[in-house]
Amino acid sequence: MKSTKTSYFPAWREKIYQIIFKANTKSGKTFDIILLFSIILSVIAVLLDSVELIRIKYGNALFFTEWFFTILFTIEYFFRIISVKKRSKYIFSFFGMIDLLAVLPSYLSLLFIGTQYFLVIRILRLLRVFRILKLDRYVGASRYLKSSLKASRPKIIVFFGVLFTIVVIMGSLMYLIEGPENGFTNIPKSIYWAIVTLTTVGYGDVTPNTVLGQTLSSIIMILGYTIIAVPTGIISVEMSRAKEKSKKPFVCKNCNNSDNDKDAKFCKICGEKI
Amino acid sequence: MKSTKTSYFPAWREKIYQIIFKANTKSGKTFDIILLFSIILSVIAVLLDSVELIRIKYGNALFFTEWFFTILFTIEYFFRIISVKKRSKYIFSFFGMIDLLAVLPSYLSLLFIGTQYFLVIRILRLLRVFRILKLDRYVGASRYLKSSLKASRPKIIVFFGVLFTIVVIMGSLMYLIEGPENGFTNIPKSIYWAIVTLTTVGYGDVTPNTVLGQTLSSIIMILGYTIIAVPTGIISVEMSRAKEKSKKPFVCKNCNNSDNDKDAKFCKICGEKI
Amino acid sequence: MKSTKTSYFPAWREKIYQIIFKANTKSGKTFDIILLFSIILSVIAVLLDSVELIRIKYGNALFFTEWFFTILFTIEYFFRIISVKKRSKYIFSFFGMIDLLAVLPSYLSLLFIGTQYFLVIRILRLLRVFRILKLDRYVGASRYLKSSLKASRPKIIVFFGVLFTIVVIMGSLMYLIEGPENGFTNIPKSIYWAIVTLTTVGYGDVTPNTVLGQTLSSIIMILGYTIIAVPTGIISVEMSRAKEKSKKPFVCKNCNNSDNDKDAKFCKICGEKI
Amino acid sequence: MKSTKTSYFPAWREKIYQIIFKANTKSGKTFDIILLFSIILSVIAVLLDSVELIRIKYGNALFFTEWFFTILFTIEYFFRIISVKKRSKYIFSFFGMIDLLAVLPSYLSLLFIGTQYFLVIRILRLLRVFRILKLDRYVGASRYLKSSLKASRPKIIVFFGVLFTIVVIMGSLMYLIEGPENGFTNIPKSIYWAIVTLTTVGYGDVTPNTVLGQTLSSIIMILGYTIIAVPTGIISVEMSRAKEKSKKPFVCKNCNNSDNDKDAKFCKICGEKI
């Protein structure tokens, strides 16, 4: 805080910044917990508002709740803008956008009917709370998951490419075999059916009726049942590698054995102290 | 048995304790096997009692069976309380609660109709029998499963968090796209549909009818089909680690470190030669 | 063949034995291939016979085919009995039983209507052919699969025990929540529904209609979606262990390094010739 | 280009060859990107053409689009034939066949109605583009997936054999239990149902109605739910092995054995010190 630049930044804004953006002070933690419950309550209110019977009976209370949280989150949003140092960076960041989108639908609902349901986007704000509360173990876990998924991206994309090709060709074939009279009204719908079948979801809203169609769908099912092993294998291997990596960083200077455990104090091959 | 305290504990109670709670005597083992069959028979009786045709025909026999086992288990429950040393600890333990809940519904059914079906909770008593019969291999297996699941808990919770966020947002989107006229009567029901789809269950009681809805559900299906790889990967890795750990057989004589690798020549903690 | 015992065994029976039971002579191989196609054709005939339209049109041809193969397999069965050395051992062996069951239903169909469909059991005879043809790679693969599954048996049984407990309790709960008016007519049917849901099959013949029922089924679905990771993890780990075992049998006599590869000729640690 | 043989091959054909078959020149890359978009657009046109409402409204535009791309791809196909050195080898290669099949249905549709939908086979041409664009990371990923799948082929085939046997026997049993009056009209349809159930697809178009049938299907479901672990385990292990192999970096200078472990000090084939 020696630089002249920060002298323009008053102490009360710094304090608000600490409360809103950080969680290492007591008031910051309290703020985050209040925020957590506000988000959950406001999302539940949106969900309940969509149930007709509840809306008829408790419409007013829900309307009040919605606007209460909208105003609360709006005030919070302005305080975030005021207290942050690099405004434009915050506004266009992922969480900045979410913070704005979490209040916008309420105001838009004054102009357009139905937009208030977009408020469920508020649930994404939970991610911020998780991040801030520094649930270290969970952050570690999610970073681990993320890095595993990232490392397996090229393989997953190739897998999706193959999947995509299969459903387009299988869907088209089924359209030719079953035809509109059996519910396969057009190729896009047949592709939708192929996805429903390959992923083993199996709604049953469209089902094959001809013997040939049932034979082909049997093949698709067994294909879907088996190739699910591929992404599972990919991610298992990447996770096991990520685990191993995080476990073994100590190379012995004496014998160059790079296979020592993380908690090792002596090289397991030559006994040299690490 | 030298202490004065145990002198207050009569021999017959000690004997009952050995029979009921342990399985290393012959009479203890016999007791457990009788208990095992009693539990299974009483649960089958409850299941059959719920089938109308059987109830009409054999209602009296089932009623008798139910009360026979209820009285049997009640007597057993009192013997457990009498014979155990620390009563309150037993009563409020997991198995103590189950033992009580296994007889309570019968008595409550005298006051309220229908409560007798809660008797299926008796099936949880099987866990006690398994535990007591000391099926070592199975206990080892279940301990292994439990420790693997415990180690992967933070990752599984992060995974569920992401899953939860996906179904809330996807469910709300589908409500806006399909609307009540296509069966998506409200957001909670749409979320229910999203769970049915993401988990690849696919009942087909609610299905998308619009092109946009079918496109979005295709995305949810493929998402569900692929991200099932994540918990599988997590648990595979944890299990493989648990296995590896249980495999490491080299304990250091100097510092008792039991975590040395199979190919280690020196203890990784104290540098002692193995 | 020096013993006096085998002198009672004529050469022609030995030859039949070689042809029928072994596959290392040319005639033995020819026999197996004819058997392979006979089995497949006879099973296809049974399948087609069950299709009404085909039965009406080609009933006579199928009837002839069925009896043709039945008589063929009966003759083969008697030749097996004649040529084998230890008759009772063969008759009561797994394959001996299958060989008998593969012809019995035809004869029984003369007495009872409909039994001829049991002839599909003939498909199990394919296993014999596979075994005999000495498809080494496939036999190795199936032995590998079998040993992996065997090693993971205790864990799989514990897993099934937990699964069984979950579906009984969940099914009973759903019966109480949804009741007969929503299709959950009795607890066994509710348990059937719970299995349909937990395994993510999701027929949709019985579906929850109440909000509480849909919430509970959401929990069952997510449970089923996640715990499928457990058997997968178990079998992956056992397979990876089986693989490792088959890979590393060579211990170095010089330095006791047990980590040499199967194809190694020199110890990788000390350079000693293996 | 010193050999006399190539002197018969004019420069303009060499240049076309470079543009069409390779992607290392600027014009070659441009050609591939145009091809990529042409394929995607032409496939989308086919898909849209199958939707009745769109065909009625935009039928002419789609008809024009289809023929535009057909002529374009026909010209391309002839240029490929002209520019390639070994013509017959190209024509009967996998990609040569696909190139032909990508235009043939249009010409056949002049003679037979409906054949134009076979044009979706054009989507397979995307594979060529991927190959040519030298998306190295993706090619590496797909080669890795391919080699993993190839190594696990014998095991997967044994698995399919067992699966096939299960569905035939289970399907036949269900036909005998449920019978035509419950929708199981013949054994092939029952086998179809068994596949739908075992793969956990669960359309619900055919469902068991008898208690015995529901019990048997519960067994099939749990079987299907559990044995999916087998291919997953197989592929996970193979992938992890493929990964490990690609990791081993130590090549022996003496015998060029590239299969030495990371921690090896002596070559396992010739005993040379590394």
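Some notes on this structure:
First chain written, first letter: the chains are A, B, C and D, and each begins at residue 1.
The rule is short, and it goes like this: a residue touches a chain if its C-beta (ideal position, glycine included) is under 8 Å from a C-beta of that chain, and two chains touch if they have at least 3 such contacts.
Keep in mind that this is a model prediction, so the values were computed, not measured.
Checking B-D, A-D or A-C against C-D, more than half of the residue-numbered contact pairs recur only at A-D.
The rotation that brings the Cα trace of chain A onto that of chain B spans 90°, given to the nearest 5.
Shared numbers divided by all numbers used gives the overlap of an interface; between chain B and chain C this overlap falls below half, so the copies present different residues. Each chain gets a centre from the mean of its Cα atoms; for chain A and chain B, those two points are 29 Å apart. Between the CA-based centres of chain B and chain D the separation comes to 42 Å, rounded to the whole angstrom. A separation of 30 Å divides the Cα centre of chain B from that of chain C. If you average the CA atoms of chain A and of chain C, the two centres end up 42 Å from each other. Touching two or more other chains at once are residues 188, 191, 200-204, 224, 228, 232, 234, 236, 240, 263 of chain B.
Those residues of chain C whose C-beta lies close enough to touch chain D in the complex are 43, 46-48, 50-52, 114, 117-118, 120-121, 123-124, 126-127, 130, 137-138, 140-142, 144-145, 148-149, 156, 160, 163, 188-189, 191-192, 195-196, 198-205, 224, 228, 231-232, 234-236, 238-240, 243, 259-261, 263-273. Contacts from chain A toward chain C in the complex involve residues 200-204, 232, 236. Chain D meets chain C in the complex at residues 154-155, 157-159, 161, 165, 168-169, 172, 175-176, 180, 185-188, 191, 197, 200-204, 207, 211, 214-215, 217-218, 221-222, 224-226, 228-230, 232-234, 236-237, 240-241, 259-261, 263-271, 273.
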